[in-house]
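Next up, some structures in structure tokens.
Next come two complexes, and both contain subunit A; in the first it sits with subunit B, in the second with subunit C.
Here is the complex of A and B:
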């Protein structure tokens, strides 16, 4: 009796197909073949739907309107270009020193920047010290863009069973074991990561900084994924990693810069040493802030790639 | 026309690029091409800002040998503005491309006219 109920339950849950053995003829489904007539019929139906249901057929009025629209658009663009060129022709000459752009603000950044921020690279000192609030907003813009892309493109895991097949298809489409790509990536990826870390850490000494270094590291991660597949990256980069890295970097940026702004605005003594100009460990908060920005940018680049490619990490 | 059009040919090129991008936005029906047009407009603005900060004969704003004179370095402010612009452009492009992917999944086309026609038919 128990055996029978077990068998029945198995059959109900479709776990055991042995009951069908010899009782049913199981055959693979053949691929669907279409005759020429049916294809013609289908195309005619499509045209019919296009014309009657959606009324997308090109009437004469639509064509005339389209021509008028295009000519008007070109005339508008030419008009805007003419006006902008007139404005450009009255601007001060390029490369001249005496123009209103070179005012006391940039003079202050150049003359006092090294003493006030400790950064040899004046642009980095400007964007991460004088205008650090602006850079904080930029990092937040990147984070918000990541969140919206996640909302729009992330695949719902519980939704449909046929989406699992789609995912498997993506994995099949990956160039697995592509020897040339893998050999190249073995050499290139560590070099790219090292170069990105160098650019981030030397942001206050040489050209570069958090944004460019983060973009380089993100490109290295994307190369790694394309060479070795998502199975390798899942081990160290999941959705949780993205959340933790970007949010903690933004939080640290916010707290550190709040301290600096608070002490600066109230003329209190700041406990952050500026260090000796030109050394790696110098210029106060600029190095940690560069690292934060670089982490946010790298994570954002990689998340964009994953979302556009597959819809999940 | 003013006197400085030939001296400012870089700015003139950036303005023409801007208008090419704008024409792309107006003339193309394909959403991806519209996004490319917007990116051309962004790039033209970076070119314009970089040229506005340039001073002939001056070097990049990185302090060398302790020289801290206005006569030695170019203006650092437009460089910072270009940085901001690039970040915003990347974010906006990613957002627009993901919206385009959603539209394509819903309507199976990238043609904006066709999408708006179907929207009208659906009563939205």
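Here is the complex of A and C:
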């Protein structure tokens, strides 16, 4: 039985050629040789066919059509620009009282925003308290964009010899030991990181917030990578880091904001102590939510760069 | 509207037009970066520094870097001499 299975396996893997003994003649195929004349003839034929099918010569019709096309394009552009300018001229003037924007919603945001959210920066109070679910959706959109880029651009883990060569070529092209870039990055990267962290942590006190700070930190990471290469960043940023950070940040955001489902879906009344306005640890959930959004944005920026550059982390 | 803002807006229009009319792709990206920088200053003058920070980081920084990487990947950026030859 064992012999039989062995034989079958051998036959399946085409290791055993004894089956073909005396049955047919195994012969190496000779490389196909072609005379130069026939090759030239074939090329000429192909050019001839191409000329006949795709006539690229300038006939009179083509010229006329081109002129018509250009004039029509200019007329269309002028028409659209004229209409848009007219629409702009109908807009209400800045500072007019009867503007449709001046309704009770914006009045409420401006008058009671500080009391209800505890955020000195009214914009952050709006986007992370009144409209926190919008921001949650935006963070999810960023995460979905990351996933799409990963699907489209990630390299297969099985490395073919060609791909290894290509990767090495790409690494050869990058400025590996560019002294100017490295010295500049040594000074700039810590400052950029600190500024990004400051913008995130002070999101409810000064202009900025999660998205801006995250974008700054992501740009700093990209500068670091392009100065020192991927070997350095692989030590602290891998695929796992990206997964863990974005998923935990989004999950925390979701859980932190879904408390309002248990309190009767009333978003306006905050059940979390807001603290003293103007202090760092104030305004309830806004600070942790800012940190979550910043983490997601920074990770997304860096992942985009890695995927565009290498196809892996 | 101050004189400063008018100058910035004129620069903005010049940048926007030259992005689409320049034939060199690298130059287009540079002009796009300049567009984003001017736009961020305009946001500052319109008293929305949040948007200014984001515009400077995303528009001038990350987006144009991604453009550069893509151009390099599709071999649109070549060495200086080769590029001139190709233009001829």
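FYI, the second predicted complex is superposed on the first by the 224 of 313 C-alpha atoms of A that agree within 3 Å, B and C clash if a C-alpha of one lies under 4 Å from a C-alpha of the other, contacts with A are read in each partner's own complex, and residues count from 1 in each chain.
Going forward, a contact is a pair of C-beta atoms (placed from the backbone, for glycine too) under 8 Å apart; a residue touches a chain by one contact, two chains touch by 3 or more.
Remember, predicted model here, so these are calculated numbers, not experimental data.
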When subunit B and subunit C are modelled together on subunit A, clash or fit: fit
Contacts of A:131 with subunit B and subunit C, given as first, second, both or neither: first
Subunit A: partner with more touched residues, subunit B or subunit C: B
Contacts of A:123 with subunit B and subunit C, given as first, second, both or neither: both
First (subunit B), second (subunit C), both or neither touched by A:80: first
Partner chain in contact with A:216 - subunit B first, subunit C second, else both or neither: second
Which of subunit B and subunit C A:10 touches, first, second, both or neither: neither
Partner chain(s) touched by A:208 [first = subunit B, second = subunit C, both, neither]: second
Which superposed partner A:105 touches (first subunit B, second subunit C, both, neither): first
Subunit B versus subunit C as contact partner of A:304, first or second or both or neither: both
Which of subunit B and subunit C A:95 touches, first, second, both or neither: first
After superposition on chain A, the shortest CA separation from subunit B to subunit C (Å): 5
Interface residues of subunit A shared between complexes with subunit B and subunit C: 123, 207, 211, 304, 308
In the complex with subunit B, residue positions of subunit A that touch it: 53-56, 70, 73-74, 76-78, 80-81, 84-97, 101-102, 105-107, 109-114, 120-123, 126-127, 131, 134, 138, 141-142, 144-145, 148-149, 152-153, 206-207, 211, 277, 304, 307-308
Of all residues in subunit A, those that touch subunit C in their complex: 123, 173, 199, 207-209, 211-212, 215-216, 218-219, 222, 301, 304-305, 308-309
Touching residues on subunit C, where the partner in the complex is subunit A: 48-50, 52-54, 57-58, 61-62, 65-66, 69-70, 72-73
Contacting residues of subunit B [partner subunit A, same complex]: 1-5, 7-8, 10-12, 15-16, 18-20, 22-23, 26-27, 51-57, 60-63, 68-73, 75-80, 83-84, 86-88, 90-92, 94-95, 97-99, 101-102, 114, 117-118, 121
